[in-house]
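Each of the next two complexes has chain A plus one other chain: chain B in the first, chain C in the second.
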Partner chain A sequence: MSSTDTTAPPATSPPPLQRVGRLRQMADFYATVSRTAVQEQFQYRAANYMYMIGMVVEPVIYLVVWSVVAEASGGSVGGYTPGGFAAYYIVWMLVRNMNIVFTPYGWEFRIREGQLSGMLVRPIHPLHYDLAYFAGWKVIAVLLWIPIAVVLALLFPPELSVNLAQVATFFVAIWGAYVIRTLLLFVLGMVTLWTTRVAALFELYFTAELLLSGRLVPLDLMPDWVLLWVDWLPFRSTFGFPIEALVSNLSGPELVRGLVAQLVWIAVGWALAMVVWKRAIRRYSAVGN
Partner chain B sequence: MDVTGLGKTYKVPVREAGLKAALKSLVRREHREVHAVSDLSFSIERGEMVGFLGPNGAGKTTTLKMLSGLLHPSSGQARVLGYEPYRRDRNFLAQITLVMGNRNQLQWDLPVVDSFEMNRAIFGIARPDFEATRDELIDLLEIGHLVTKPVRNLSLGERMKAEICGSLLHRPQVLFLDEPTIGLDVTMQKRIRTFLAEYNARYGATVMLTSHYMADVTALCKRVIVIHHGKLLYDGPLSELAERFETSKTIGVTLAEPDRDLSGYGEVVAVDGARVTLRVSRAEASTVAARLLADLQPTDLTIEDPPIDDVIERVFATPDEPGSAQPTGKQRG
Partner chain C sequence: MTTTPPSTHGLARPEQVRRRDVVRTLVGVSALNELQYRVNFFLQLFQSLVALATAIAVVALVFLYTPTLGGWEPWELMVVVGVHTALGGVIRSVIQPSMQLLMEDIREGKLDFALTKPVDAQLLVSLRRITVWPLVDVVVGFGVVVVASTRIDSATVPGALLALVAVLLGAVMIYCLWLVITTGAFWIVRMEHVAELFNGLYQAGRWPIGLFPGWLRLLFTVLVPLALAVTLPSEALTGRAGLLAVGGATLFTAALVAFTRWFWRLGVKSYAGASA
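Take a look at the complex of A and B:
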């Protein structure tokens, strides 16, 4: 439709901006957002340390309890000696920090504060932002974990005997765990777009994760009927498997099977995230923001 | 930008007050449909700056959100730069920006330049072009001294300028600006208006602007689209808005002899010494003016439309009844 009020584009419009290719853009995006996360978290060094110290309490309680049980049971429980438990729970701390991701509780804030609106008008999926941001945060988490791990190792000497395959698997598996947990909690967070009272659902998920992931207790100590469930759920891939890869004497095929399970859960999580996102975002009302 | 029959309907739960109603809602929830936008049609040419006006709750922000891809329309169609916004195609999002005056999209704890760096990565801008555009925008907005400060340390006006700068680093072709000067002082509002005019002139960008400050609209937009209760009320030149909705004119007359009673000529709105302001019907304005000139031989006489704020107030007061608000004049779409 014509308009007499139209301001014609200037005759000497500047040339369009040069943009980099998609692959390079994504690599640059991940690097930049991760760097930003590191910069932001450095602003809160003290708060992060307090957070980390708070997180020490949980594994130390498990460690002390299981060490006492092991000693009372003649030196070991289910093959774990006190030194075995020490190794398990010191690695546990690192894995726990590595699999901290954007919480599903955060979606309500994100929607209320208009952050989601800002994300939706940018040409990069919010999932990439979450993956990149929390990956950057891990740098701080690992830096803060090292001195705590040293102190714990002095207090509770760990028994750890590892080979190169285990170490390599561990480093791949902790990132696999991080990606799976990001995807699954992203899907869970999307429920916020259907109903605002989602805390009960989140609690149910986190309770199942606590019991069936190897967080509360090494999965080797669980009864067989629980392990049957564990095999069909993603929680072991997000927590227990990376720890077991390093501290349990898993065979080569077991290590590969664990990594394949992680790959399957990444594929399932990604597909779920895409389907749910597409439906959820249609419901987004962006009212008031 | 082409919009045809665009509509957005929200389904909102309703329940009466009291325990009984609360218990009843556990079993059966009742909903009501709210038509935020209904059957909206218009077109905007490339490079136009259009004021998008309406009272609170008229549907302005909902429309902007549909046009920028935030919301799925319930009916009708919108095409912006050839794309359907709700599909949020990457190439579409790379060419638009949505600035909301009451929202902050910068990294709160980091210096402004770090947020700009983040936007460079998000939009995949090649570094030389990014740096040139960034420096140009910083110059235009005069924020060189602010960009190394953390966002949390900036005043509202400073933050808004930084926000606008960050939103334009990818040199968008379409700008959706929702109350970009809200809460700012007069000087800051003026600076942002000047900047937007300059950006439009330099890059030929299309701008759709909502603002409750009419000074923003009069300074930037020749054309306005007015909506009320989600429906199109007027689409045409700002200068013709008064003709369509304002039934009166203002006559200012400076008398040679003060203290004359002019109530016989029209409604006396103000008296300031020898200067008297009258409100008369639009149809009679020239007749009354001629009578005043003949009867009183005033030293000065002006005939004007009322201030644009008064016109807008009258527009918004238009009853929402079928047929009562049909756009006339330069109807578009």
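Take a look at the complex of A and C:
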């Protein structure tokens, strides 16, 4: 099996020119798929907006509750004032949107409807398709987020002071978060090829993610014994870190450390995805005419 | 039904179909349908317990930093969590499934099949689909309320009875809200995202609505009556609200029921169907 997976022909190794050609092809593929996603999703801008408004409620609830707590305990809690929480949860919305990737529940549909068969005959790994498609969708999500962020900022005045390093880190980190989450949920979705009873497993994963990523509450507020776990799990890299990069005054080394953690998780996620995919796809069989 | 002479045809005498029989049949069929999938019970139980654990974790986290939240003590807040869970179970098992079916039928023009039946159409569309398993949440939520009540000094038996009345009113209010929104599908066809939106808004009910700033409090009282449906029962149980408040909620519910009935009829009138 492994010998057929190498792309190099047995006789001659590919000249360097061909490698550049492949990279360019890949770039072209990503550009085309993400452009298609933009066009496709722009048709459903009203539906997309409804979806986002539904999404506003969650951070507003957290924001209100923690602001009340901050005021009750003398103006700030864990270093966050109500204005600090406002900044956290407004940026939260953008990061939440960057977190939307192909759902692991979707694999059941892809298998049942035979979509996976179609993906297998394409000369490109399905992971690339998902990465490119949802990346394009993000363009719409960010555009729709801006007016919501403005309204939220008027209702809940945020306190925010940023420097260039923070902004730069933020823009890299949100894409890092996106890639990590895509990879991990791809691996999780692959479980569907072994068993169709996946709901409980997915539920556990999403609950752990909710509590340990910084989505529910800034991780600084978590007790120390929880933070011990957080350092060994990928969730902070996918949610809390990008927000903190912008809103809590992290030092230069802290920013770099966060980005390195993201790189590590991308490497781990990629390796896992490749290994699990190879094993999972052997279990796949399709029936057709 | 049993006394109906065989010669009368059902369609000619619509009043002959008794409401009670209709309700019993609809609920029975739905229940039998669902009971086929027994493993789903364990899945639902698992999901309910995970959700409850998460809610407890959040409450614990909040009280790590403050002794009371907007005047609510930890166990009192657990009452709110319990009521929210139980009512959520009612919504997901009795209210939401039928409303989503109704939305689908309006969009696809299949509502004719329901409208032509010799029963009150509102009754029929409101009970056509019931999912049994989310009722686990009702049991779990009720359990949380009972456990929490034993730890609260201000909880009394009259308060508990008032709370029960208030929560029933709350269920009716939420039903009305759902039906009004769904009826909107007669004019605006694409309403699927409304479910998403409602579930998002409903999450706010896990906290006493008094915590929210004024404009949101108004929204959660009049537009999406979480303040009355979830917070009020909790307030009644913990001795914060009395007969007067529950009486007010009763009037509000009555008005809402009347409005919903009127709005539903208005919607049906503008239904064109999809038949050729």
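Definition applied: the second predicted complex is superposed on the first by the 266 of 289 C-alpha atoms of A that agree within 3 Å, B and C clash if a C-alpha of one lies under 4 Å from a C-alpha of the other, contacts with A are read in each partner's own complex, and residues count from 1 in each chain.
Basically, a contact is a pair of C-beta atoms (placed from the backbone, for glycine too) under 8 Å apart; a residue touches a chain by one contact, two chains touch by 3 or more.
From a predicted model like this one, the values you see are computed outputs, not experimental measurements.
After overlaying the two complexes on the shared chain, residue contacts for A:V69 are found with chain C alone; chain B is out of touch. When the two complexes are overlaid on their common chain A, residue A:P253 makes contact with neither chain B nor chain C.
Contact with chain B, but none with chain C, is seen for A:L120 once the two complexes are overlaid on the shared chain. Of the two partners, chain B and chain C, it is B that touches more residues of chain A.
When the two complexes are superposed on chain A, none of the residues of chain A touches both chain B and chain C. Listing the residues of chain A that touch chain B in their complex gives 1-10, 13-14, 16-22, 24-25, 28-29, 31-33, 36, 39-40, 43, 113-114, 117-118, 120-124, 282, 284-287, 289.
The residues of chain B lying in touch with chain A in their complex are 2, 10, 43-49, 65, 68-72, 88, 90-91, 93-94, 96-98, 100, 103, 105, 107, 109-110, 114, 117-118, 120-126, 128-130, 133, 170-171, 200-204, 222-223, 237, 330, 332-333.
Within the complex formed with chain C, the chain A residues making contact are 46-47, 50-51, 53-58, 60-61, 64-65, 68-69, 72-73, 77-78, 197, 199-200, 203-204, 207, 210-211, 216-217, 221-223. Chain contact summary for the complex, chain C toward chain A: residues 39, 43, 46-47, 50, 53-54, 57-58, 61-62, 64-66, 68-70, 190, 193-194, 196-197, 199-201, 203-204, 206-207, 211-213, 216.
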